[in-house]
Structures are given as C-alpha cells and as structure tokens.
Amino acid sequence: MEQILANGIYLGAQYAMIALGLTLIFALMNVLNFAHGQMYVLGGFVTYTFYGQLGWPFVVALLASCITLAVLGALIERFLFAPVIRRSSREESTMLLAAGLAFFFDAVILLVFGEKQRGVPKIVDGVFNWDFRLIMPYDRILICVLAILSIVSFILFMQYSKTGRALRALAQDRTAAQLMGVNVARYSMIGFALGAMLAGLVGGLLVTITGVNLGMGGPTSIKAFMMVMIGGAGVISGAIAGGIILGFLEAIGLAVLSQYGDITYLLIFVSLMLFLAIRPQGLMGKPWG
Amino acid sequence: MSHLLEVRHVTKKFGGLTANSDISFNVNENEILSVIGPNGAGKSTLFKMISSFLPTTAGEVLFKGERISNLKPHVVARKGVVRTFQETTIFKSMTVRESIIVAQHLRARASLAGYFWGTKTAHEDVDSFGQYADDLIDFLGMTEIANEQASNLPQGNLRALGIAIGLATDPKVLLLDEPFAGMNHDETMKMVNLVRKVRDDRGVTVLLVEHDMPAVMNISDRIVVLNFGEMIAEGTPAEIQNNEKVIEAYLGSADDEIGI
Amino acid sequence: MIQWAGVVIFLLAVFIAIPGFIAASGRSDLYYTLTSVALLSIASAGVWLTFYIGRINIGQGAFALIGAYVSAVLVTKAGMSFWLSLPLAGLFAAAVAVVIGVPILRLRGVYFAMISLVLTQVVTLTALALPITNGAKGITSIPLPGGVSALGLTLIPDFATLENPRLAFYYAASVLMVLTFAAMYRLVNSRLGHLCRSMQQNEELASSIGVNISYIRVIVFAISSFLGGIGGAMFGSIAQSVYPSSFQVADSVNFMLNCFLGGLGYVFGPMLGTLVLYFGWDLLFELGRFQLLAYSSMLIILMLFLPNGLLSLRLPGKKEADK
C-alpha cells in the first residue's frame, strides 16, 4: 500500500510536469504540440551529454537542458508556429506543423545520439528501505522532490510574477489580453519557451533514472495527451490533477495487474474513454476548451 | 383558436441560480407572440428550453399537446418547431441557395442511401428542393444575393438568411432569437414586415424573444414580459404599455432600451 | 465533358500506362510502392471524410490494424477466402467505430483529435493482450488471396499461382482505390455530403433544421473506419503477416498528414497527398540516414508556405472568400 502510494506520487509528479508544459502551450496558442514528447527526449539527451558524457555537475547539465529547450521553443514559436497561424485558414494546420516537428526532432536525435538506450551515472546512491513496506532508491526520492519543487515554483511564477499574470491573461482571452496592452506576440513566445523548458526539465531529471532513448518521444506525447484530457485542456490545475491521477492509476495497475502484462494501459484507455463520454471537458476544463 | 404551444411551469436553475422560475403561457395558432424583458431577464434561457437546446429543471413545453421540452433539438424541429439563431450562426461557406437547399432536410422523402445511388425519389427530391428554394428566395426578396456566399453577406441579410433557413424546414412554429438586435430603424421596420409576411402568407406561428420595445409593440399580437427570471405580465401591446410592473421593471433597469 | 476526359485519362494511366511503363523500365519494385499508395489513400480517404464533419481523426491506424487482424484471422483460422474476409474486415472496423464513436464523437476539436490519437495505442495493446491475435508474435504466413470463379468463369485468379502477384496486387489495390474515390465523390455530392458540410460549418444550426447530428456523425465515422479496415486488410494480405506494430501512432498521423497535405476541401486531396508524401519518402531513401530529416524538413517547409494544402494552389484568391 505504502509502496503504491509512493510510486504514485513519484510517477504523478513527473507526469504532471510533462502535462503542464503541454497544457500551457495549448492554452496560449491553441496548438496541440505533438512534438512535446520529443522535446522531453531532447532534454534528456542534453543532460546525458553534459552530465553523463562531459562529467559536468548534474545541476549545470539540468540547467543546460532547460536553456536549450527554452531557446528552441522560443525559436519554434517565432519562426514556425506564429507564421503558420497567421497564414493558415484553419487552425488545424498547426497540428500538421507540430507533427512535422515531431518527426524532425526524431530525425535530429537519431542523427546526433543514435538509436541506443543511454543512461547516466546515479546522482545519489543507496536505497531507502522502511521494513520492506516501502522501498525506494534515494535518487528517485530526490527527483520526485525536485519535480514537486518545480511544479510549486511554476505555480507561484504563474500566480505572482508579472510574466505569469500576462500569460494567464493571454490564456484566458487573447483579444482581451491584447486590449489590456499585453504584448501578445512576445508572451506567446515566452509561453511556448516555458512549455518547452518544462519538457526539457523533466527529460533532464528522468534521464538519471530511466535513461533516455529515441523511441520514448511518441509514447510520452500520448501519455501527456491523456493527462490533459483527464484534467481538461488548457487548465493548469487540470494538468496537475491529470498527471497525478495517471501516475496513481499506473502505479496501482502495475502493482495489481502486473501478471497480465500490458493490460494496465488498456484499462486506463478504456476508462478514459468512458470518463470522457460522461465529462467531455475533463475534470476542470471549460467545455470545448 | 386553440393553443398551439403551451409553456407550463417552466423552471431553469443553474446551480443555485434561478434563470427562469415557474413560467407559464400559451401561444395560439397563427399569432405573433413576443417574450421581452431587460438584459438578464432569462429570455434566451427560456428560448433555448422551448427549442430543447437546454433541458428544463422543472415544467414542460407542449406543442399540439405533445411534450417537446427535454428532447433533442432535431426531434423538436421534426415536429415543426424550429428556431433561428443570431447572425453569426449560419453556414458560412455555403451560398444562400445552398443553405436553403440543405435546410430542407425534413422535406426529404428519399433515404440517404437513396441519394447516394440516385434513385427516382431522390431525383424528384433534388428537383423539388431547388424549386422550393427558388420560391422561398423569391418570397423573401433575396434573388439578388441567392448565389452569394453567406460569409460575404452584410449583417442585415444574414438575419434574413437565418429566417430563410428556418423557413426552409417548413415549420409550424418559428422561434426567432432577437431578430431586431443591433438594427437601425429602417432595418427593423423591414424585418418587422418580413416577419409579418411570414405569418400572413405562410401561416407560420411566430414566437420571438427580443428587447427592442418599439419593434415588439409594433409586431406582436401578444407579449409576455420577463424580469429577473419571472413572468411579470402578459397581454396585448396596449395592455403591456400601461402595465405598472412592466414600466417599473424597464425604468428600474435604467437601460437605454426603454422605448415606451 | 472535361471532367469525364480527366477520369478516362486517370483510369488509362492507372491501369495501362503505369503497368506498361513499369514493364518497359523493369522497375517492378514500383508496383509495391504504388500499391501502398493506393491502399494508404483509401484509408486516408476515410480520415478525410471525418474531417468533412469537422473532426480531426488521428486514429485511422487503429481501424487499419483491426481490419488487418480480422482478415488475417478469418483467412488463417477459419480458412475463409480473402475476398470474403475483405468486406467483413471493413464491416467489423465499422462496427467497432460505431461502438467507440457514440461516446467520443461528442468531443470536438482538439479533444477529439487527442482521443482518436490514443485509439491506435489501444488497439495495439489489445492485439498484444488477446489470444486470438497471437500477441507480439503476430499472425504470419497468411496465404495469398485465392481465386474466385463463378459459373466456371475465373473472376479473380489464385494469386499464389500467378507469375507476378505484385502486378495482381497493384490491380486489386487500384480497383479498390478507384471504387473508393468514386464512392467518395458521389457521397460528397449527395445529400449526406451536404449534411456533412452543414455540420462541419455549424452543428447547432444543423440540428435546428432537423438533422440528427449524432446519427450522421456515427455513420460517417463508420464509413471512415470501414475504409481504414479495407486498406489495412489488403495491406496485411500483401505483407502476408500482421503484427501489433503493423500500424502505429505514426501511421495514424501520416493518414492525417496525407489529408492535410492534399487539402481538406477536395475529395481527391487524400489521393494526391498520399502520393506526394509516400513518393517523397521513397525518393528520399537515397539519403540514407538523412531520410527522416529531409522528409520532416520538407513537411515543415510545405506547411510554412502552403498551410492550406497542395490543391489550394489551384484556386488563388479562394482564401479570401473563406474568411
């Protein structure tokens, strides 16, 4: 029981961070970022390079992941998404662009890092063991704490900083925000950069535990979509709730149903579909986003 | 005259908020009845419940004695009670004629598969749709804009297009959602004449929701007045004009819509 | 008249000129490429149809996989003729679409897109979990389609006895493709197509004129999935094997891309989009490791400069009218 709870918190915290980035980008620009999982993988590879290969301190490597992805996000918004949104007669076109980007990142990762699974040395050794009721390696605990701290600081940032307030205004109503004097182009870019940075940060954190490989991008995106659907698209609290719920479902499923193989995810999918049939906008979403 | 449409004790609550409370009135065949009230009086909520676009919390709406509330919108339309929308709700990338042809869905006799295979009935339907569309376009005086794409039309025409789409279904009762909103005096008078013509020449009973007082006074046979979700008066335009409660409600709202 | 001439030229090209050219040039590998294009465009046509009612469908891979498995199971386990299993595969996919569609088609916009994307994963996992689909090992050694004869006349020869089954598959796939697009054209220009258009533009208004929108949505989704099932079943028969990974999320995304690229306003858009994307991918094979990079860059650049699809080139000034 304690073990499941701990695993749920651990999974939920990282998932929530992934979902947060996705939902932020969606809320700001109405873009469904298919490349989110790839951004996460990219973040993992940056940390792998700096920490695993070059032997720099982990914190510096993590920072490098954040900065790389933030810059990348900003560039993508400015030079790809913004022009396409301007020129296209339907908003779905951004989805195609995002899909193209997902392929593009996959290609870049393939060329630069190859197909192999990559891991890094443990950041801390040892295992926490409470009477065999709860066993968790220290590095997982550390990553979990870091993830929770990141989520809390993200919320505080969105709530109290000037940038955060502008972003929230933008997410709520683009036109109104513009009338209030928010520089829409600038904050769209900042928001996208922030979303990408979150993906990079989780990637950097998790590379220390699960390692990283090329194939993780797509499934990560799918999980992120599910969390966003559970919580409601474009809502920050929804993304966190979705992440935690999915984390717990997975932890419970793996503990209870492990002998049936991949059936956990099947059940999660089916229940998600039933849930959405009753509540299409998710737990906390506005109807139709 | 018999009651064509009966609104019986209709109530709508959103959470703790009561949008409509125990509203009852009747609409007679071939009359034009308006529901008026200041902004926020619950007019559009009531309108949506009559057309089954919203479920009622309590009460029911009857058409020819049959319940039409708490159904699906298309079922209500099938029974002959059809609503219009305000101007933004149109088929944007269809022409006026195409919109009217599509809107004759309820007049179709062939099945969807029949249209696919091009059966005789389907061909007859298609011819009749075209003819009916041309008649209707002529009737509404829209010949000049018949082949214009809806998104290119000016506002005034959009409203008429909305009514044309509604009429194409061959309804018994037409529910009009604020047909005069945002119109100047001339446009309003044109619309008043159009609605009257629809009733007189096509025998369509009209229930409309509106807050433009002068137009409502001009067009209605009877008026129902709502305020804060409650029905405060019902009667002929002359009766309503002299009703103290109504005057108070409209003065109290300090709105610029007072037109009495 | 011009339209009919176009159709005739197209048919001549598909059934005579292309096989002739391939025979002359000896590039029989092109058969496989073109057969794939034909089958993928059938599945893409289904996706296009769901776009036509205003739903972004990124789940066609799920139905292609279902179709492939149903046909494979029927042929290998029940010994059924492939030609009978083909429509059954389509119908089974359509039936699944009805069951799934009733709840999820109520979702719109990004929500539907996301849940449809998840569908592919669900079917893959189901295929892994069920005994009848043989888990990760998949179903292999599916026999080639047998012959069909009636009244002593051979309608379809037994593919296994043919000298060149590739050519036979090319013809079969092309016939299916032509039938699909003829039906699509007819459908879009018939009443159902008009109703779809009305729903794409405004579902509330459509329901106010008496259109049973939830019924039409399910019908359209079923047709779409039927096409996905047919395409998938045929693919499985060509590959003579089906695995849970035969159709993945990336394939579902590709079906969507084919439609976008061809242009959502044109019935034949999916065909063109599939041709361009598949050939583009194939031509880039020369680039080796850089294939995916070049392909995705091409996609991004296309989006940047032609965000409304390839066929939008034909109609300059149309964009203004759409606004």
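Labels A, B and C are assigned to the chains in the order they are written; within every chain, residues are numbered from 1.
Here is the rule we go by: contacts are C-beta pairs under 8 Å (C-beta built on N, C-alpha and C of every residue); 3 or more make two chains touch, one makes a residue touch a chain.
These numbers come from a predicted model, not from an experiment.
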Pairwise touch network: line, ring, star, complete, or other: line
Chain whose Cα centroid lies at the greatest distance from that of chain A: B
Dominant interface by contact count, named by its two chains: A-C
Centrality ranking, top chain (CA atoms only): C
Chain centre separation (chain B, chain C; CA means) in Å: 43
Interchain centroid distance [CA atoms averaged], chain A/chain B, Å: 48
Euclidean distance of C-alpha centroids - chain A vs chain C, Å: 32
Shared interface positions of chain B, touching two or more other chains: none
Per-residue overlap in chain C, given as positions that touch at least 2 other chains: 322-323
Chain A-facing residues of chain C, complex: 56, 100, 102-104, 106-111, 113-115, 117-118, 121-122, 125-126, 128-129, 249-250, 253, 256-257, 260-261, 264, 289-290, 292-293, 295-297, 299-300, 303-304, 307-308, 319, 322-323
Residues of chain B touching chain C in the complex: 51, 53, 72-74, 77-78, 82-85, 89-94, 98, 101-103, 105-106, 108, 110, 112, 115-116, 118, 122, 125, 149, 151-152, 165-166, 168-169
In the complex with chain B, residue positions of chain C that touch it: 183, 186-187, 190-192, 194-195, 197-198, 201-202, 204-205, 207-214, 219, 321-323
Residues of chain A touching chain C in the complex: 26, 30, 32, 34, 80, 83-84, 87-90, 92-93, 95-97, 99-104, 106-108, 110-111, 218-219, 222, 225-226, 228-229, 233, 260-263, 265-266, 269-270, 272-274, 276-277, 280-281, 288-289
